[in-house]
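Note that chain A is present in both complexes that follow, paired respectively with chain B and with chain C.
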Partner chain A sequence: MFTIISIELYKIFRKLRTYISFGTIGLLGILILIAMLVEGKGYIDMATHKLKDSFSFVGNFLNGYLIGYLVLNTLTIHIPFLITLVAGDMLAGEATAGTYRLLLSRPVSRSNVLASKFIAGLIFTFLLIFFLAFVSLGLGLIVFGTGELIVFRPENLVILTSNDVLWRFLLAYLFAFLSMSVITALAFLFSSLVENAIGPIVATMAVVIVFLILANLDFGFLKYLKPYLFTNYMTTWNTLFDNPVDFSEFIKACRILALHVAGLYGVTWFLFRKRDILT
Partner chain B sequence: MKKILLLIFITCSFALAQNVKPETLIRKVKENFAKVKDYEVDAHIHINVDFLKVPETDAKIYFKQPDKVKLSSSQFAMIPSEGLNFSPMSFFKGNYSAVFVRNENYTGFNTAVIKIVPLDDDKDIILSTVWIDMDYFIVRKTEITTKSKGTYALLLNYDVGKTKYYLPVSMTFLFDVKTDNLHGKFGNNKDTDKNGQKKKSMKGSASITYSNYKVNKGIPDSIFKDDKKK
Partner chain C sequence: MPGVDSEKVIEIKNLSKKFKNILAVDGLDINVFRGDVFGFLGPNGAGKSTTIRMLVSLIFPSNGEIKIFGKSLNENKNFILKRIGAIVEKPDFYKTLTAFKNLEILGRLSGCDTSKKRIMEILDVVGLADRAKSKVKTYSHGMKQRLGIAQALIHDPELIILDEPTTGLDPQGMKDIRDLILHLSSELKKTIFLSSHILHEVQLVANRMIIINKGKKIVEGSVNDLLNAKSLEVEIKVDDAGKSEEILKSCKPELKVNQLNEITLKLSVAENEIPELNKILVDAGRQVFSIVPKNSLEEYFLDLTEKDGNVHNN
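Moving on to the complex of A and B:
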C-alpha cells in the first residue's frame, strides 16, 4: 500500500498544476508580509484607534500571529479552489490520459487503488495546509516576532497573550486540514464520475460557492438548511480564538466534517467499484 | 418633644455642614498627595467588560508630579485610560467651583462628599463628586461625569497606618461609557447609524491591585516618552 501511495504522490508532484497551489499560497503569504511591513502599523492603529479612546495599553499587536490569523481567514473560498485543482484530477486525469484500464489491470484491487489515490490526495492537502502555516505564521513570526493576538468579532473583541496562542494555531491548522479534506473528498467523488478534470474542479467549487451563499441568506426555509451545509462548519476554527474556547462546538464541527470525509469517500468507493471502465 | 429633637438635629447638621469648607478639605488632600513627588508601582489588572475579553495582566505604572503617568510592561497590559492615574490633583485642576454636599459614612470611614464643577468650558469633565476621608484627607471615592466618555467611578482602598504615604493598595474602576464600535477598521458596524452617531453603552469594571511602591526615588522624564510599541 505504501508503494502505491508513493507512486500516487509522485504523480501528483510531477504535475505542474500541483505547484500552482503552492505557488499561489507562497505568493499570497509573501504579499501579505510585504503589505504588513509597509502598512502594518497603520493597519493596527486604524483597528485599535477606538479602543485607544477608552483604554491605555502596551503590547505588540503587529506580529506573526496576526499574519497567521489573517491568512487563515482565506480558508473558506481560496484554498478549496487550490485543492480541487489536484483532487479533481486524481481519477478523471487517469481517464483523460487513457491510463484507467492499464492502472486497474494491475494485480492491485480497485479498493486499494482508490484508497491510495485518496490518501495521496489527503497528504497533498496536509502539505498545502502545512505550507500555508509556514508562509503565514512561520514567516510572520520570523519577520515580526511574537506578540498578542487581537481578534475582532461582531460581538466582542478578544485579546490573547503570546503564550496562549500557539496551541490554538496548531489545532486551527489541524482543523483546516480536516475541513479541506472534505473538499478533497468531494472533488475526488466528482473526479470518479467523469473523464475530464475540469468538470470536478468546477462542480466542487460550485458546491462550495452555492453552500456559502445559502448559508448567508437568513430567510425562509434556508435558515433550516444551514446545519446541513458542510461549509457552515469550515469556519469553526475561529472558535479556537475565543476565550474561553467552546470546545463542544469545535468537536461537533470536527465530527460532522470527519463524517463528510468518510461519507463522500464511501460513496466514491461504492460507485467506483461498480463502475464500468471504458477508457 | 420628637419634633423639637428633630429640629435641633437638622439645625446642628446644617450648622456643621456650613462649617466644612470644601476648599480646606481639597487643600489638605492636595498637601497630602504633594508629598509624593513620584512613584513606581507594580499593578495587577483585571478588566471585566462584556464585549472585551482580555487576560489579567501585570504592569508597572510610573507617576511623576504633576500629571506624568506611564503604563509599562514587557508583555501585554491594558487599563482603562481614566483609571491609570488616581492622583487627586487631576480632579482639582484648573478653575472649579466646589460645594460641600453632606457627610457620609462610606464603607466605615467618615467622609465629606464634595461636588466639583469645572468652570472652564473646554474641560471634558462636567461634574465630579469626591468622597474625602475626614480623618486622613485622602480620596476614598470619585464619581466623574464627562461630555465624551460617559460616567466613571474610582473606588480606592488604602492601607492607612502601614505606609508613610497615603497611596492606594487597590482600586476598582467602574465605567459606563457611551461608545461606538470598538472594532475600528475591520469591525462590524451594525451598531452605528449612517452618520455613525448611534452609540452603545459599554459598562464594565477594572480591578487594579498595587504592590511594591517605590516612592520619591526619582524617575527620569525619559520614562514618560512614548515608545513605538504602544
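Moving on to the complex of A and C:
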C-alpha cells in the first residue's frame, strides 16, 4: 500500500490546485503578519481599552501566539474550501481524465486503491494544517516573539502565560487536522459518486455552509438539530484556550469528529468497491 | 483452429450484464486459447467494451462466470490482472506527466520492473523512446494509442486485451499496430484478445473470432473457416451483361445472378466454380474483362448482424 500512497502523493503534488491551497494560506498568514506589524498595537489597545480603567496591562500581548490564535479562528470557513479543491478531485479527477480504467485494471484491490487515496488526502490535509501553523504561529513567533496570549471571550478575558500556551496550540492544530479530516472524508465521498471534481467541491462547501448557518439558528426545532451537525464541533479547539480547560467537551468533540471520518470513509468504501467504472 | 496447445486462457460462460433496463451483454460464451489472436467483433453498441470491462474487473457481471488462466476472476482478481495487459477504449493517461512517468507509475502498480532500462525498452517497442520525456498532453492520438499498448506490455503479461486499438489512426498507424500485434503473437507468444469494428483488421491478424450483436453471440470460429463456409460474392465485368446473364442462367439455373449495369454482373458462387463460369462465358463468345471477389469479413459481418439472432458455431 505504501507504493500506492506514494504514487497518490506524487499525483497530488504535481497538480497546480494543490499549490493554490498552500499559496492562499501563505498569503493569508503573511497579510495578517503585515497587518499586525502596521496596526497591531492599535488592535490590542482597542480590545483592551475598556479594561484599562480597572487593570494595568504589562507585557508583550502582540506576539506570535496571538497571530496563531487569530489565524486559527479563520479555519472553519476558509480552510475547508482549500481542502475540497484537492480531496474533491481525488476520485472524480480520475473519472474525468479517464484514468480510472488504467488504475483499476491493475492488480491492486479497490479497497487498497481507495485507502491509499484517502490516506494521501489525509496527509495533504495534515501538511496544510502544518503549513498554516508555520505561517501563523511559526512566522508570528519569529517576527513578534513570545509573550502572554490574550484571549477575548464574550463574557471574560483569558490571559495565558507564555509557558502555558504551546501545548494548547499543539493540541489545537491536531484537533484542526481532525476536524478538517471530516471535510476531506466528505469531499472524498462526493468525489467517489461523480465524474467531475466541481460537483464534490460545491457539494462539500454547500454542506459546510448550510450546517454552519443551521448551527447558528438557535431556535425552534433547529436547536435539537445542532448536536448532529459536525460543524458544531469544529470550533471546539477554542476550549483549549480556556483556563482551566474542559477536556470532557474536547474529547467528546474528538470522538464525534473521528466517528464522522470513519463513517464517511465507510460509506465511500461500501459504494466504491462494487461500483461499475463506465468512464 | 484453437491456439498452439489448446489451453483455455479465457473461458466465459453465460455472461450477462444489465444496466437498469438495458441488457448490454446477454448470455455470452467465449473461449480463447493460448496463442490465439482472437478477434472480438460487433457493431457499435454490441456489448464489446462492456465485455472487456468485465474481463478486467472494471464492471461486475450481472450473471455468468469469467475464468482466466483457469481461475475465477471474481476470486482471483489480483493474480489474474497481474498477467493481463489491457487497453480499454481510448487511451487516457495522466496528461501533465511524461510518458516515462506514466509507465513508471503504472508499472509500480503492477508490481513489475520499472527500471529506466525496462521502461525505455517498452517505449522503444512502440516507437516512442525519443518522446519518453515529453508530457502526454503533447502527444497525438496515434502516439497515445502506442503508449496505451506500452502500458499494456510494461509488466510482460501473458494475455493482452486490446479494445479498438486502431481507432482514429491513419493508415500507417493502423499498419504499425497490426505489425505490433503480429510481432506480439508470433515472436513473443502472447495471447491476444482484439476487439474491433474495423473488420478488415481482424481478418488480417486474427486466427479465431467471434461476432456479437446486441450482447449475443452471432458466430464463433476460425476466421478462415467462417469465411470459406460462405460462397463468394463476385462481380464480373463483361462486354454485354444482359446476354451474359442469359448464358449463365441457361447453363447454371441454380445461380442467383444480378445485373448491376450494362457491363457488370453480381453473383454468389463457390470459389472453385469461378474458372468454370469464366469458361462458359468465353466459350459463348463473350469478352470477360475481370472477375473480382467482393466477399470480405465486412460483408460477412453485415450479413450476419442483419440476420441477428441466428447463432452459429464453426
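Heads up, the rule we're going with is that the second predicted complex is superposed on the first by the 279 of 279 C-alpha atoms of A that agree within 3 Å, B and C clash if a C-alpha of one lies under 4 Å from a C-alpha of the other, contacts with A are read in each partner's own complex, and residues count from 1 in each chain.
In the analysis below, a residue touches a chain if its C-beta (ideal position, glycine included) is under 8 Å from a C-beta of that chain, and two chains touch if they have at least 3 such contacts.
Quick caveat, the model's predicted, so the values are computed rather than measured.
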Could you say whether A:Asn232 touches chain B, chain C, both of them, or neither, answering first, second, both or neither? neither
For A:Tyr43, select first, second, both or neither according to whether it touches chain B, chain C, the two together, or no partner. first
Partner chain(s) touched by A:Thr74 [first = chain B, second = chain C, both, neither]: neither
A:Asn243 contacts which: chain B (first), chain C (second), both, neither? first
Determine, under the contact definition given at the top, whether A:Pro107 touches first (chain B), second (chain C), both, or neither. second
Touching partner for A:Asp164 - first (chain B), second (chain C), both, neither: first
Does chain B (first) or chain C (second) touch A:Phe152, or do both, or does neither? first
Winner by number of chain A residues touched, once chain B and chain C are compared: B
What part of chain A is shared between its chain B contacts and its chain C contacts? none
Parts of chain B lying in touch with chain A, wherever the complex brings them together: 50-55, 57, 59, 71-73, 75-81, 84, 149, 175, 177, 179-188, 190, 202, 229-230
Within the complex, which stretch of chain C touches chain A? 19, 53, 56-60, 77-82, 84, 86, 88-90, 92-97, 105-106, 108-111, 151
Along chain A, where are the residues that touch chain B in the complex? 43, 46-51, 53-60, 147-148, 152, 154-162, 164, 242-243
Which residues of chain A touch chain C in the complex? 3-4, 7, 10-11, 14-15, 97-109, 274, 276-278
